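Letters A, B, C, D, E and F mark the chains as written, and numbering starts fresh at 1 in each.
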Amino acid sequence: MDMVTALVLAFISIVLINNLVFTKFLGICPYLGVSGRIDMAFGMGMAVTFVVTLSGTMTYMIDNWILKELGLEVTRYVCFILVIAGAVQLVEMYLRKFFPSLYESFGIFLPLITTNCAILGLCLFINLWEIDRLLEAVVLSFGAGIGFTMAICIMAGIRENLKLADVPECLKGAPITLITAGLLTLAFMGFAGMIR
Amino acid sequence: MYKIKHFFQQSWLLIVTSFAFGLLIAVANARWSDEIEWNKTEKLNRLSGALLPEARLELYAEVEIELDKGKKREVKLREAVSRAGDRVGWTFEAAGSGFQDKIELVIALDKDLKTIVGYKVLSCNETPGFGDQIKDPYLREQFEDAPIGKFKPVKRGEGDPEKIDSEIVTITGATVSSEAVVNIFNAYVEKVKGKIEELVQKQKEQISDDKEG
Amino acid sequence: MRFVTKGRFSFRGGVHPPEKKELTRDSEIQPGPAVKQVAIMLSQHIGAVCESLVNKGDSVKAGQKIGDSDAFVSAPVHSSVNGKVKQIALQSHAVLGRSMAVIIDAEGDDNPASQPSHTEFTDSFDIDSYSSAQICTAVRDAGIVGMGGAGFPTRVKIEPNPRMPKETLIIDACECEPYITCDYRIMLEWTKQIIAGTRLARKASGCSQVFIGIEDNKPNAIEMISRTLEDCGDGDRIKLAPVKTKYPQGGERQLIKAILRKNVPAGGIPPMIGVVVLNVATAAAIAEAVVSGTPLTHRVVTVTGEAISKPGNYYAAIGTTVEDLIEFCGGVTESCAKVVLGGPMMGIAIADLKTPITKTCGAITVLTKRQIGRAKYEGRQTPCIRCGRCLEICPENLNPTKIAHAVKHNLLDVALAYYINACMECGCCSYVCPANIEVTGYIKTGKIFLARQKKKMPE
Amino acid sequence: MTKKGETKAGLYKETLLAGLWRENPVFRLLLGMCPTLAVTAAVKPAFTMGCCVIFVLFCSNIVVSLMRNLLKPHLRILMFTLTIATFVTIADLYLKAFVPDMSETLGPYVPLIIVNCIIICRAEACASKNGLAVSIIDAVGMGIGFTLTLCLLAGVRELLATGAVCEIAILPLLKEDGWFVPWAAMSMPVGAFITLGLMLGLVNLLSKSKS
Amino acid sequence: MILASVLELWSSAWRAGLTMLGLGSGFALVLLVASEKLKVEVDPKIEQIHEVLPNLDCGACGFAGCGQYAKAVLQKPELIGKCVPGGPDTSEQIANILNLQVSDSGPQKRPIVHCRAHTSDRTYYAAYEGLPSCTAANALSNVQACKFGCLGFGDCTRACRFDALHVVDGLATVDYEKCTGCTACATTCPRHLIEMVPFAHENMLTVACNSRENGKSTRSMCKVGCIGCGLCAKQTDIFAVEDNLARLDFTKFEPTEQTETAMNKCPTGVILFRGATAPAPRQPGKKSTAAAEK
Amino acid sequence: MLKDIAVSNSPHISKPLSTRAVMVDVVIGLVPAMAAAGYYFRVRALILPAACVISSLAAEWLCNLIRKKPGSLGDFSAVVTGIILALSLPPALPVWTAVIGSAFSIAIGKMVFGGLGANIFNPAMVGRTFLTASFGMLMTTWMVPATIPAALSEICPENNVEARTQATPLAWSKQAIKDENGALIYNEQQFRATLTGEVGGCLGETSVIALLIGGLYLLLRRTINFHIPLAVLLSAFVFAAVFYLVDSDAYMQPFFHLSSGGMLLCAFFIATDPVTAPLTRRGMWLFGIGVGAITMLIRIVGGYPEGVMYSVLLMNAVTPLIDRLCRRIPAGGKPS
């Protein structure tokens, strides 16, 4: 029971309170780039969720079960990024070959993700937070993906509305998206201190 | 056979570079690992040094203490030794959850384990302007020279921040963070004190054993 | 029980603009002006434009067919005066801008308005002596088109269509537009024609039930019609349905919803659910055409508005210009700011007063600045404050502000996604908007854009 | 991008200047936004970050440029990330060894340079297509452009958040009998997003009035 | 000495080196196998386009990564130029791959506005207070007396992405220096006033009117409209009057004496040049300077 | 021929209603709250609103100037923003802070999005959150109502201090959760105090009666419709009631939560801001429920005593999604 509570709390925490985009500034490039339309944003979010869950789990295992055992923590970054890049590429190829429809709907976002710092960032944070249970790492990774999806979908909704607004010419596009994101972080401060 | 050849044709670059880069990283690490280690202790030293000026820290022991709810935590006990070689106090790191995130402190106790020398914040992620005031003297000075024991947080106006006692007047607007500091003290200090006494006792016994032996 | 209901039938949404019917409510239908010249538009209906059957210099008789088309969806036009064809030329048209018209110089002492055939209408006719096909042919030959505003050829509406069998005929006697009273006067004065026309239309279309929908702000008309219904042979098939007074209760989709509790599919037309809606004036014209063989050359026009000196209802020759009619009513006062063909909600503002009236033109409303509203007149608009009023009143349950903004920013796919094509352009959303945004105007424009885009598609 | 310079020197200059303004990674290409936002609460970490990026960009551009003809398509991304990750690790170790407090402030954002979009972007767009010299100059230009932008942003934020720039007091604080009360929000994520947003707007405005 | 230190370094480093070697070759192997086993046939052009794209997957083009953009651009060549980081070079390369050289079929087409009336030349019966859009205004009758002429609310201006079209004093006016001939304006104008004309010369002669009203009506509505008098058609047969409106056959146009005379003879001065260096049109009612000299 | 006639699209008449009239209505609705504030906080209730309104107007004027747009002060929306911001500020707040807040509200909260009607977030709440994040201490320093005689104020021990700090009802609530004595701490007298407004808190939030009068006025004038206020209050009530029923020792009565803090101000004046709330009725219900629930979540579980501004901003953020979710279907069904 305790464990379930802990996992639920970890999930809520990473989705709302320590949201990667709003508090850790991770994955901003796709957040700005692919939030123009809701369907695209959702696809991107799903792809991130998938990859982040996969790589969060894998890097956790590699880090704790291999690198720490061998005392090779220095090569951590290299290993992480190899795992992520390789996994993303593999998954992409696999989907493209065997699930073309799935590939069409969200696989196309996969190559974008290798260079998305949300993925590597999360792996690093899991390491930094000294998570000591595999399950918690999995939940955190999954939650991070969901948090990203939520953030990017909210932004996409807002931007679809802003298309109908008379935003000053020089602020159109990235600037207003950034300002909106700023105000969103203000709003999300409301969740601060909810879980200690 | 063909396949192996094909593999090497396609991938030799990656194989070679990964080996080379692996070496490179390892070399850099080997070169700098001492500095990195040193930096880590140096920071502790600096902070504790501010608490216990003119003292040198030496790792005394690593002990495991049990916090509430059965959580166990490794604590590195350090002994502060003056130039003359006398023990002047103890320091250890302690952590607990604050308003936003984990708060990490270094706490210093005097050598007789009667009073608290003070604390320094190792890391905290509290809101600037609110919770990060736990770094300020207002809260810190209330602990200095306070007797070791349980502390009690009280609201401003209910106690006197100038008076050194077990009542800690919290920072308005940052009650939660202040209480977090108090809680860290309450969770650690007495347990650590017990451990140190145990260890010192053991050491003494050992010395006397040695003598006897 | 002749009344369908005692309660007030209605639909969701709608607005209550000031009625202003008192200006002309009690003015009996009078003959219109005798004019020197009429311009008979060759296009007075939805559908194919007529081709002129006469040439410059020809003499024509009142009631003579002067334009026709072979197309199914079309209706012939007739001369409303005796005279000589002066020329066939472009003339200002309320909807089409400039369109071809036969311009006829009236001759002799022929007073075009002195054809009060209506008053002589005898309702002692034998309905069984007319077959459905006969009625339809007569209706077409008389050039009858919907006189409620849209001008759809009536024959096409009432002719049985095996693909969409008709079950219900609704006579639209709501006259929900403010100011206008032409239908009301017809109901009071030419009740017999209306009932006769209704019976004929029912017979022609093969409908099993008939409703006459009247807004409950016209108790006299309700009384009058119900009395006449009792006397007529078909009375028990025809039911009277008083409906709540609210704009746009007379819109056919709203009327159907109110009376039958059925929705016409969005973007669809009533025949899809087996309903025919006819305006009362149309019904009256049907009776005239079938029983007396009179073509549609005159119609009742309400000339009204605060800026008209002598507002009233006139039986005017089609082809009379707006200018002539206004002058006939004593001209306009100083404060005149807008001349509208039709009512203030759906009518079309015209700039060229030489525009002739057509079969669909039930009213000329001349508004003053005060009526238009200062904010609107001076272009004092603010951005949309998303107050939601337009959503609340939209009878079609749309999201007008969203559609309007999408059109404004040329996002036609968004406009489509919010069902721009389901809008019937009733104008309620513009009416209520506190920001004075021309919501309806944007939507209309968007529809034009879309239509053009669609045309381009096949390439 | 390499078209305009006619002489070699012109080409180099063009490449160098491109990174500074015309193709400024932050303002124009909108790349590498995460560190831009995360480390700019104060000038010092921002500058450190910039230096790391210059170093990594420099090294990886050299390596990528050297091996550009040997790349196999299916291993390309892997090679790039491997190279970058190696140099980032080295940079990280260096910081840990010699600038420990900065290393601590920057935390995971140093390793995150690996996935910083600028670096992969330059590897792909420049180094893997151009010779050594151009790649190096491009790295320097881009790196400096990135660093300067970071410092600018950090300067504004630090000033408003603490009244100081580079920890040198500029606005007298109310606490210390001055008049300025720090805007704590500027050191929070809000400050980062809004300042960058407004700055981008300003840049857009400037470049438009210029053209 | 040196050897010793190298040896020492080696002893601490070989494990890391080997691990990475293992990892590297592992991934190399897996990816190699995968790339061969999981190969999907795609249009080689997509690959080619993908090659020339910067491969940043930055999303600036509005697509989810370069691959998607490559695919889209293959189907819709008008999307060329959306890749911001790639810039014009990339666009050019893509165009090459798609074989999109500008077809050399005749001279480039440029828009000509078939109206020359400015606000002061036109007759208005009423003030227009509707939406400032030609399409909206065109849906009402008689916003201005002439049903055929330019409304001047600039739907075309808004359609032009190259800032090459402006409403000057109520009349849409093309800036031929900026115009790229994209036809956006021509398809937008609700009055179909803008025609894409093959510009065989820098300046083209045109009858700048669209009114099919008879001469009398036209005169009552517009000071400068074509009254269909047919004087121009008498000069040369590249002019023809139809529906009260003179038309010029652009394909046959050459600047000759006859065209010059036709231009000068036109009583309303509606025959005039349009183009980058076109002379200012004659004022209505006035003879051309050349004619005056004679 | 007639002169001076105009043509335009139909309809040719319009309801005599304008944006300004709507905004003026809101100001009128806020008058009772301002009057109550004047009674309890004296000059501060004059200075703060004046400063906020003036600086809001100035900021809007300046933004329009920069954008070279025609002035938009005439629509009075900046006045409303200023007043609502002022009413949600602690009475003792220095004027310069209020000025920064209003400028931020208008410039960043509204004008960068394109001005009236285009903003995604409630400008006043944007300003307030920014102030809270920036000048936290000032924003949580409360003043004792002037009507409480110094001698009587057990609640405010430090009565001698100029800007007297007084615990607000919500602070009791937070304390009560910690001490698990919610049921004890809340009594009749205090409930009456929240009704009249004789408690600590933001300028315009203390008096329940004044807010109810203002809200009722807006409802009667149909400037707002009842969906959002009702949804906010209902969901907050239910949320609080569940906690109260589970553990009435620790948690306050649900009515306490409705009557304290910014809840009523929010329900009637802030959540109802048409610009930032959903358009459709179903959307309004969702929005209101969200605001109420998140407010209570923050109050009961979260780190702050009050969550109104955060919950409003959070729901503002998802308003576009709500609007999308609750897209209206035409009366005749979707066209095929």
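Quick notes
We take it that a residue touches a chain if its C-beta (ideal position, glycine included) is under 8 Å from a C-beta of that chain, and two chains touch if they have at least 3 such contacts.
Owing to the predicted nature of the structure, the values given are computational and were not obtained by experimental measurement.
With steps allowed only between chains in touch, the distance from chain A over to chain D comes to 1.
Common neighbours of chain D and chain F, by the contact definition above: A, B, E.
No other two chains have as many C-beta pairs in contact as C-F.
Chain centres here are Cα averages; for chain B and chain D they lie 34 Å apart. Note: centroid distance chain C to chain D, computed from Cα atoms, is 69 Å. Inter-chain centre distance (chain C to chain F, centres taken as mean C-alpha positions): 49 Å.
Counting partners per residue, chain B has 10-11, 14, 17-18, 21-22, 25-26, 29, 99, 127, 129, 176 as the residues that reach two or more other chains.
Residue positions of chain D with contacts to 2 or more other chains are 30-31, 74-75, 78, 82, 86, 89, 93, 117, 120, 182, 184-185, 188, 190, 194, 201. Chain contacts: chain A has residues 29, 33, 74-75, 78, 82, 86, 89, 115, 166, 168, 171, 176, 179, 183, 186, 189, 192-193 touching two or more partner chains.
By the definition of touch given earlier, these chain pairs are in contact: A-B, A-C, A-D, A-E, A-F, B-D, B-E, B-F, C-E, C-F, D-E, D-F, E-F.
Only residues 6-7, 10-11, 14-15, 17-23, 25-27, 29-31 of chain B touch chain E when the two sit together in their complex. Note for the complex: chain E touches chain A at residues 15-16, 19-20, 23-24, 27, 30-31, 34-35, 38-40, 57-60, 62, 64-68.
Across the interface of their complex, chain B is touched by residues 9, 12-21, 23-25, 27-29, 32 of chain E.
Those residues of chain B lying in contact with chain A across their complex are 21-22, 25-26, 29, 97-100, 127, 176, 180. Listed in rising order, the residues of chain A touching chain C in the complex are 163-164, 166.
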